[in-house]
């Protein structure tokens, strides 16, 4: 199969997942609602003191992304399992890598859309100076989300097909995400407080390394995980 | 009388019981001896006092865990490459031993931290990395327990074993950088020759113990799989073949 | 050796399909498959020539679908080996996928896409250009020309299977695997399935049809494999008489050693 | 003085962990042996 057909197959999978998501919308709305709720609950838990809230904001934002985003991954495979679609999907000629990359793109778009709602809302609730470091923040959000979604899409391919899927996915996924959480939270919080020390850059480099390592590893290992 | 089967496990496994048993006694001897010697030759440390003795278990266990996860990585790659079930069983045996060793490392770390710093837990990079590895590989074992089909279980756990190991350096460096920003205490380094000798001695002893753990687990799961394969063969019968 | 399988040594695994290294459409050699501790297939050996359609007959849970999935490479045999048009089911699985197509028991469609979109997706996954004309033509062939823009979720079971059949038509596999193709089809649907199978035979392709409903298939079937509790119990060869009778020329009806496990 | 308490605790934990895992290994070996014996029985029964 040529690179071009594979690119077409990747696009087809991503298009199919997003189209389904767009038609139903209910899932997206529920996930956004959960994210909003989480932001509010953290606000109550951390008290009304604006300074305390602002100090914790970076961590709260990323945990909110993690907790709401993780709901998208199993669902992405649920779609394939419902009407025996996975079987048809696995029967198409060509590499199974395209299935992973297509789902990765669709999940990435999904989680980024969720962030588009939650991050501005967090800025309002926690009084964050979002507009100043906007470019840097967008880059951190993107890099962190790529790593998160890459591993989420990979582990959900296994977790969605066994009995304890709701528990097992976070159990496998969250420990692996420690570097993403640490780096993304540190970079975000540095940017929000003006990045006087210039730390954000090195954290972004770490995120980048993480993304490269795990997108590559997942692509290579996916064939062994999705097939029978 | 059975039909020959495709699995390499179908032959009666060499009951490596004798050799493994010797290894077991050797491990016991090595660990007891190593601890005894280290206990006797160690002088109270300038910073740690007698608490330093905890290090003779804590540090070798941590090293062993690293060796264990390296073995898991290599065996997992070999499995996906060759699809030989024995590599999967080896990886699983090494994960179990590794989880025991990381668990032990964590407990001893806490027991050491309490009298030293007055808290059970500090975010020391090595200790924190150990904790994360403990959870990652506990997840590996959980995944195995939820998957019935032996072949699928082997493929899936190989993938998890490989990705988990790739994460070790990334986790370590991220926690270390994170820590330097937030100024957390770290374990003091000692270069007292007696202390170093004690550590080395016990590292070797724990390595023997680790090999014993893995060998014993590997032998029993190999026997178990071989028995399952025979029972499978007994269930396969009848019908016509054209 | 209890199996009359001649030169086929039982389960030599990597050695390939024993003596079946030829251009047979399907060769299975001692294929068995286990789910957890339950054996769905317990050692099946059989052979299908190009230009032939085989009916796979048996009760629910006898292993029909498992056998089809193994031929489709979506399941690996726990034991035994097999090949499709000379391609090994395990070693050449990717190549086998280029040769086989399946009409599954469930349609394998996406409910929130339209019939047309499902076919467009299928074409793009096959690496082919998805033009409106191609899609419209495929839907026309299964009698759904006017339903192209309907969401598959809103279709009846029979309509969904027609869309799946249209996808199979687009696929043009050398080995078609059909799981209960007559279920939820009306007389017109049955006719379309049989017309498709007759067309396959004319081209020298092959098909395996798992069905409860042998009379409906009898017009196109060349051999019947009867399967029970995961083993092959009866093989009937010969052109089926038109009109729903049983195929003539029963060459083997040797049932042995069942149910000792 | 309380240092020795913690050292004792540490050795106790070590003993329990290593001994516990060894016992678990023994249980695994027993289970495998039992399964092997069952395979023997089934083949004789055929």
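Read from first to last, the chains carry the letters A, B, C and D; within each, the first residue is number 1.
Note that in this section a contact is a pair of C-beta atoms (placed from the backbone, for glycine too) under 8 Å apart; a residue touches a chain by one contact, two chains touch by 3 or more.
Note that the coordinates shown come from a computational prediction; the quantities given were computed from them, not determined experimentally.
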{"item": "Chains contacting each of chain A and chain D, listed by label", "value": "B"}
{"item": "Interchain centroid distance [CA atoms averaged], chain A/chain B, Å", "value": "31"}
{"item": "Where chain B and chain D are represented by their mean Cα positions, the distance between them in whole Å", "value": "15"}
{"item": "Distance between the centres, which are taken as Cα means, of chain C and chain A, whole angstrom", "value": "39"}
{"item": "Cα-centroid distance, chain C relative to chain D, in whole angstrom", "value": "49"}
{"item": "Of all residues in chain A, the ones touching two or more other chains", "value": "228"}
{"item": "Sequence positions of chain C contacting 2 or more other chains", "value": "76, 260"}
{"item": "For chain D, residues that touch 2 or more chains besides their own", "value": "46"}
{"item": "Pairs of chains in contact (touch as defined earlier), listed by label", "value": "A-B, A-C, B-C, B-D"}
{"item": "Contact footprint of chain C on chain A as seen in their complex", "value": "1, 5, 8-9, 11-13, 15-16, 19-20, 23-24, 79, 82-95, 227-228"}
{"item": "Chain A residues within the chain B interface of the complex", "value": "151, 154-155, 158, 162-164, 168, 171-172, 175-176, 178-179, 182-183, 186, 199, 202-203, 206, 209-210, 213-214, 217-218, 221, 224-225, 228"}
{"item": "Touching residues on chain C, where the partner in the complex is chain B", "value": "2-5, 8-14, 29-30, 32, 34-37, 39, 42-47, 76, 78-81, 231-235, 252, 254-261"}
{"item": "Of all residues in chain C, those that touch chain A in their complex", "value": "69, 72-76, 93-94, 97-98, 100-102, 104-113, 117, 121-122, 124-127, 151, 167"}
{"item": "Parts of chain B lying in touch with chain D, wherever the complex brings them together", "value": "1-2, 24, 31, 49-51, 53-54, 57-58, 96-97, 100, 103-104, 107-108, 111-112, 114-115, 209, 213, 216-217, 219-221, 223-224, 226-228, 230-231, 234"}
